[in-house]
Each structure stands twice: as C-alpha cells, then as structure tokens.
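We call the chains A, B and C, going by the order they appear; numbering starts again at 1 in every chain.
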Amino acid sequence: MKLITAVIKPHRLDDVKNALQAYGVHGITVTEASGYGRQRGHTEVYRGAEYQVDLVPKVRLEVVTDDDDAEELLEVIVKAARTGKIGDGKAWIVPVDSVVRVRTGERGPEAL
Amino acid sequence: MKLITAVIKPHRLDDVKNALQAYGVHGITVTEASGYGRQRGHTEVYRGAEYQVDLVPKVRLEVVTDDDDAEELLEVIVKAARTGKIGDGKAWIVPVDSVVRVRTGERGPEAL
Amino acid sequence: MKLITAVIKPHRLDDVKNALQAYGVHGITVTEASGYGRQRGHTEVYRGAEYQVDLVPKVRLEVVTDDDDAEELLEVIVKAARTGKIGDGKAWIVPVDSVVRVRTGERGPEAL
C-alpha cells in the first residue's frame, strides 16, 4: 500500500475530488495547511487576492491506495490540481505497511 | 520506528487518548481534518447532526512508536475509535527512519 | 527522497523557517496541530499563558528533501526549534518513493 500526499491550491480541491471519484478512489482525508515553494517572497494569487505573506493557504490531501494504482493516481491528482501558475503545489508518495478500516477491522486492499 | 496515522470520528478522541495512555504511549499529535470514505454521499451523523456535505469533520492522530509496538498499538487505536457505524475511520502505518526529541537531541527509542 | 515532519512550539516557527531558508530549503508545508509528550498533565507555557489542558497547540512542519540532506536538515530544524524547556517537540523522517511539482510535472530532485 502507498500513501499519496498532495499540497494543492484550495480552489482546485473540487476538481481533484471529482477526478479521484472518476478514478474510483473511495476515500480521502483533507487538512487545511499553508506553505511556500521556490518563489518564496514572490506574490501568489489566492481567490483573487494577492498574498505577500510568505505562508500561502493550501489544502493538504491524503489518499491511501494500492501499490499498483499509486503512480497513476499521483498523475490524476497532479493533472486535476494544475493551473500552470506558480504555487500549484507538490505531491509525494510514501510506503505504507498496514491499513485498517476502523469499523470492520479489515486489513489491506479490503480496508480501502 | 513506525508512524501510525489514524483518521477517526472527533467524539472518539478522548477514548482513544485514554486507551493510548493505558497502553503507555507518551505522546501524540492531533490535527483537525475532514474526509469521506466509501459511503460518499451517504449521510454521516456527527454530534447529533446529519451531514449531507461530502467532507465530514474528522480528527487526524499521529503516534510515532517502536517497531515492536506498532501493530498492537494500531489495534488499540482502532478498538477505541470504533462505534460500529459507517465513517468510523481509517488507520495506517508507515516506516520511520529517524526520530528526535527536540529538547534533548535524543534519537531512536529514547526520543519517544 | 525523504519527508521530514517536525512538531514544534508555534513561536519557534519563524526561527525554523529562517534556518531552513539559510540551508537552502525551497519549500515547506505548515499545519496547525496540538499534542502532548511525556509530560502529559504537566503545565506547558504557550505565548505567556499556562496550559493545563492536555492538548497543547503546536505547529506541524513538513519538508520533502533529498536523501543526502535529510539527516542534516533534521538537525537544522531541531536546533532552530529548541528552547531547552519541556514540550519543545518531536521530529521524524520517513522514506519517500516519488515527488512531483504540480505545475511542471517534474519528478525527483528537480521537483523540489
């Protein structure tokens, strides 16, 4: 199993959720975050307002997934999140040893 | 070392904290999150109110732990978080290379 | 690639950001969190106020980095976050399989 984490522009969340649903992803976890990338100090535009502050609001998305789907799913997220402007975000994959569905105790792929 | 992440119903946090303390866990990190699982679109009940929205409030819990305790601790969290109703949550384990206690610089099991 | 996560005192964030910038780190993600460590129940001081509650406000910081920089960067964060008082925080490293810059689709070290 793998865990994909993506830090994206908040206004792209709906498109990313739709793309994930179309791909057949059954669950995601979302956290409010903030951050900066290479253009620290440069201006980023967020919902029509310019940010001069160095921490810009972002959304942090997590998806636990099968090994076989992980790289393709990463691409799905990245494409749906992309605007082509700086600050579009960063996404990464980490290995997962075990997953459990809390209600049933199911493990592995059945837990997703 | 391992990192356990659990996304649970917010009203189960106290029971999970108590179960972790009883197990001898010395530290946890908690983040507010939201998410959906397999029953996206289905109604989940949160603190007596029905949620029709697709992102339901959850609590995201992290515990860094010894290799030997990780699987048992995952079970402790899962059992304490369980209500038996849909939306109970998801929990997973990822490998950890290094851990440090910031105050002392201690590494490994001593850092926990 | 590696992912460093550090849970630190909120008032140390600026010093940690400056230390990371001085080191040449190009991006970070920040999330508000709360937690407790070994001294659960002990009093922690946060922005001049004493906290008797068991969950004390913390900042959760993430940095994806090259393998070669990870351990040194962990030390940079730990030193910048340290006050010498209890509750200074915990930091850990997990392995990363893949990283992508969303805007360009770049992978690996070029994505950072």
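The rule we apply is simple: contacts are C-beta pairs under 8 Å (C-beta built on N, C-alpha and C of every residue); 3 or more make two chains touch, one makes a residue touch a chain.
The shown structure was predicted, so the numbers you read here are calculated from the model rather than taken from an experiment.
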item: Arrangement of touching chains [line / ring / star / complete / other]; value: complete
item: Copies subunit B and subunit C touch via same or different residues, half shared test; value: different
item: Distance from subunit C to subunit B - Cα centre to Cα centre, in angstrom; value: 19
item: Junction residues of subunit C, two or more chains touched; value: 31-32, 94-95
item: Contact footprint of subunit A on subunit B as seen in their complex; value: 2, 6-8, 31-38, 40, 54-55, 58, 60, 70-71, 74, 78, 81-95
item: Touching residues on subunit A, where the partner in the complex is subunit B; value: 1, 3, 17, 21, 26-32, 64, 94-103, 105, 111
